[in-house]
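The next part holds the structures, each set out as structure tokens.
Both of the next two complexes hold chain A, though its partner changes from chain B to chain C.
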Partner chain A sequence: MIETGIPKLDGYLHGGVPEGRSLVYYTYPGVAGDVFGMQTICHATSNGILGVYVASSTDPQMIRDQFSEFGWATEDYNGRFIVVDAFSGLIGADSQERYVVSDPEDVNSLTQCIKKVMEEMSEPGIIVFESLSTIMDLCGESETLDALEEWSQYAMLYDHALVYNFTAWPYSEETLLHVKENVCNSVISVGGITGDVIFGQYFGVLKVDWTDIARKSTLFKVLKPGGIRAYIPKILVTGPFDAGKSTFVHALSNRAISVDRLGTTIALDHGHVDRKGFAADIFGTPGQERFDPIVKLLSGEAMGIFLLLDSTNTTDFKRGKRMLEITESFGLPVVIVANKQDMSEALTPEEIRRELDMPANVQIMPAVAATGEGVFEAFETLVDMVMEVD
Partner chain B sequence: MAYNLGIPKLDDLIGDIRGGTNIMMIGPPMSGKEDLINIIAYRGLVDRDAAVIVSTREPGNNVLEWFERRNLNISMDRIGIVDCVTRTLGFAAPDTENIKMASSPVDLTGIGVKISQFFEHFWMEMQLRETRLCINSLSTILMYSNLQTVFRFLHVFTGRIKAANALGVYVIEEGMHDAQTIVTLKQLFDGMIEIREGDDGYQIRVVGLTPKPTPWFDYEVNGVDVVLRG
Partner chain C sequence: MSTSEMLGKVLAGLGKVGEIEASAISTRDGLLMNADMHAAGDPETFVAMSATMLGAAETATSELGKSVPNRVIVETDDGKLICMGAGPKALVVVMTAPDAGLGLVLVEMAKAAEKIERLI
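Entry: the complex of A and B
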């Protein structure tokens, strides 16, 4: 198995792409699907797998620069990162690469070069195509589809995995259907949530023939540096006055701001978290009752909720429960954070569960927001719960 | 949602251009189309719209300089440039606030992603509801990709302009393409800004946005003012 390195996706694919199989990132135009192939090859090569990148619309040197903008240093991969230059020939430039396609507009010329590199690879590896759609544009739709079959057979022979970035421009229905159904062992759709503009991006598995299909989709965001992150646009942090919500948001976030006055939140806290392949925007609410209308406003479209409690302040626990109601979060994943565990009179999570009369399946996790202790554990628990919901 | 070109007499004649309109600007080389398209973008900034400019002929920095040199009282955070040139010249320039780098004019996937990112940014983060997309020029893109490919690309993006109620303006060099190419592309546009050589300099008119074409006008560009005569 060769992992894709895309958060969540390897789980959906039962570990990644098996040797000799193929995968296509089938991308809606305007969505950053090209980064998927880039991340997959860098993940593989940095794990010691031989990687070949077939460049069709970018100068090979620029490709290395593009990768390094994401923080992926291709020169550190000790020659395990090979570029097939199917670009220079197009603009009549010289190439420094070992593998050069003399005429990128002729699919046979491309096939020749790809076969050669497959033969010469010293061990099974992964071949990633920067843009299958560009190849199709240059060489013709049916010609390219025929060639794909040939490449697949060859790859199977040598146990190489094939990965394509494909932008689903309005080609003929037949071509699109063929790409979606026939040419690859798996198809990952990379789409956009559209309205007036593209508001968000997601991916999901359309087809996979080596395991059961996971009918789930994951929102994502592209970070530079960083690459693809599974993304949660809104996680709410609520709870009674002085429970430590603002402190929690700041402890969790790579960067955060608060709209406070005299130490109490009067509007909101906002933070951005980027951790272990997952990114999220976190919104902290005020705690004082006079701001309840703001709490309600802030909670729209939240995908998960932290309820922060000051574990020493039992009198406010009821208020905590009440705040969950204000957020109208019924049915959403909730993690209760038993904060201020550093204080001697703090109740344990189990004591809090009894006080609140919460069923056993509700997550109550200990934390000290002031030092950051426990905050990431709480985050990972909630992210898991949000990602499991469809 | 309504737009004006920022070309006085013509704007009076054609009235407000409704959101979702796509316009081809066609004329001979060196006839000042570059100034005109920047002026259309500039007019947007004056009207508090956002402007996304796809530059295939000049590095993004030059386009920014065009605006800076004229000392305009506009806020630069509403300009987004998709630069298809700098990286083909071999410069490893990173993206900036105003400029996103595409790999090359062949990289239609990348160009499309950058356009969409600017649209999302202006809509979501800056809450701007009117955006202009200026592509300068389709002719360069057509040098690298065949007509069918460019048609598919435009089919998607003229559609996005409609969905976003934006205004799209696309520059074409006259004389660089065969008649069939122009006819094919015309299907995608609601109207045209035409430029031709007159006896006394260049002339401009607008076709397709009013029942009858506007008359031809001699014109001159002065900074960000287009002065029409006749």
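Entry: the complex of A and C
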């Protein structure tokens, strides 16, 4: 198995792409799809796997620059990162690369070069095509599709994994269907959501023939540097006054800002988290009742909720439950954070469950926001819950 | 063209008004839809704060039985921040140069707000 390095995706694919199999990132126009192939090859080469990148629409030097913009230093991969130059031939430029396609507009010339690379690779590796759509534009649709079969056979023979970036430009219906259904062992669709108001990008598995298909979509965001992160646009942190919401947001976030006066939040806390392949924007609400209109205002479109409770202050528990109502969070994933567990009079999560009369399937997690203890565990639990919902 | 791209076009139009230094469109509840910030800061935080400001101002006036404000204008020594609703779902916010003529900016913003409302 060769991991794709895309958060969540390796889980969906049961570990990654097996040797000798192929995967296509089927991207809808207008969505940043190239970075998927880039991240996959960098993840593989940084794990010691031999990687070949077939450059069809960009100069090899520019490609290295693009990689370094994401923080992936291709020169550090000790020659495990090989570029097949199928670009310079187009503009008649000289190439510094070991493998050069003399005539990128002739699919046979490309096939010859790709076969040569596959033969000469010292061990099974991964071959990533920068843009299958560019190859189609240059060589013709049916010619490219025929060649794909040949490459797949060859890759199988030498146990290399093949990964394509493909943008679904208006090719013939037949071609698009073929790419979507037949050509590869697995198809990952990468698209944009232009729903009611949220704008986002998602990916999901359309096809995979080595494991059961997980029909789930994951929202993502592309960070520079960093690459693809599974992304949650809004996680709400709410709870009664003095439960430690702002402290929690700050403990969790890589950077955060609070609007607070006289020690209490009057507008909101806003933070970004970027951790283990997951990114999220965190909105912390005020806790005092007089700010309820703002709590209501902020809570729209949240995808998950943290309810912070001061474990020593049982009188405020009712207010905590009430805040779940104000935020209209029924049906959304909720993690209750039993904060201030370092205090001697703190109730345990189970005691809090009884006080709140919460069913056993509601997650109540212990934490000490002031020291950061338990904060990331709570985050990971909530992220998992949000990602499990389609 | 996707809705997001069309919103980008509306912001690009605002950007042509010379005195506008940064602009953004967000949902009423503070989620970024599009921004033209010229690297002036973090757009996510900018719109979250703006949405809170506009929402708080609307709550404040309606508490007194008055109609909702047409806009919120914040004056600083380095410029003016103007936040305006764009239909029930969205809002538009701009940061201007310190000596910007408010009249022109407000007219252009009102036009943009109307376009945004029709786009979403």
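Rule of thumb we're sticking to: the second predicted complex is superposed on the first by the 386 of 390 C-alpha atoms of A that agree within 3 Å, B and C clash if a C-alpha of one lies under 4 Å from a C-alpha of the other, contacts with A are read in each partner's own complex, and residues count from 1 in each chain.
We adopt the following convention: a contact is a pair of C-beta atoms (placed from the backbone, for glycine too) under 8 Å apart; a residue touches a chain by one contact, two chains touch by 3 or more.
Since this is a predicted model, take the numbers as computed values, not measurements.
Participant: Here chain A is shared; do chain B and chain C fit on it together or clash?
Facilitator: Aligned on chain A, chain C clashes with chain B.
Participant: Identify the partner contact of A:268: answer first if only chain B is touched, second if only chain C is, both if each is, neither if none is.
Facilitator: In the superposition, A:268 contacts chain C only.
Participant: According to the contact criterion defined above, which of chain B and chain C contacts more residues of chain A?
Facilitator: Result: the larger residue contact count on chain A belongs to B.
Participant: Between chain B and chain C, whom does A:233 touch in the aligned arrangement: first, second, both, or neither?
Facilitator: second
Participant: Considering only the touch criterion stated at the top, classify A:300 as touching first (chain B), second (chain C), both, or neither.
Facilitator: It touches chain C, and chain B stays clear.
Participant: Using the touch definition from the top, say if A:326 reaches chain B (first), chain C (second), both or neither.
Facilitator: In the superposition, A:326 contacts neither chain B nor chain C.
Participant: Which partner chains sit in contact with A:192 here, chain B, chain C, both or neither? Use first/second/both/neither.
Facilitator: Touch partners of A:192: chain B and chain C.
Participant: A:90 in the overlay: touching chain B, chain C, both, or neither? Say first, second, both or neither.
Facilitator: Touch status of A:90: first partner only.
Participant: If we overlay the two complexes on their shared chain A, which of chain B and chain C does A:257 touch? Say first, second, both or neither.
Facilitator: A:257: touches chain C, not chain B.
Participant: Considering only touches as defined above, state whether A:133 meets chain B (first), chain C (second), both or neither.
Facilitator: In the superposition, A:133 contacts chain B only.
Participant: I'd like to know which partner A:30 touches here: chain B for first, chain C for second, both or neither.
Facilitator: Both partners, chain B and chain C.
Participant: In the superposed view, which residues of chain A touch chain B and also chain C?
Facilitator: The overlap between the chain B and chain C interfaces on chain A comprises residues 30, 192, 194, 196-199.
Participant: How about chain C: which of its residues touch chain A in the complex?
Facilitator: 2-5, 27-31, 33-34, 44-45, 48-49, 51-53, 55-56, 59, 89-90, 120
Participant: In their shared complex, at which residues does chain A touch chain C?
Facilitator: Touch residues, chain A against chain C: 30, 192, 194, 196-199, 233-234, 257, 259, 267-268, 270, 272, 281, 283, 293-294, 297-301.
Participant: Note which residues of chain A are touching chain B in the complex, please.
Facilitator: Residue list for chain A touching chain B: 27, 29-34, 56-59, 61-62, 65-66, 69, 87, 90-91, 131, 133-134, 137-138, 165, 167, 169-171, 192, 194-199, 224.
Participant: Looking at the complex, which residues from chain B come into contact with chain A?
Facilitator: The contact residues of chain B facing chain A are 87-88, 90, 92, 94-95, 103-104, 106-110, 112-113, 115-117, 119-120, 123-124, 144-146, 148-149, 152-153, 155-156, 160, 163-165.
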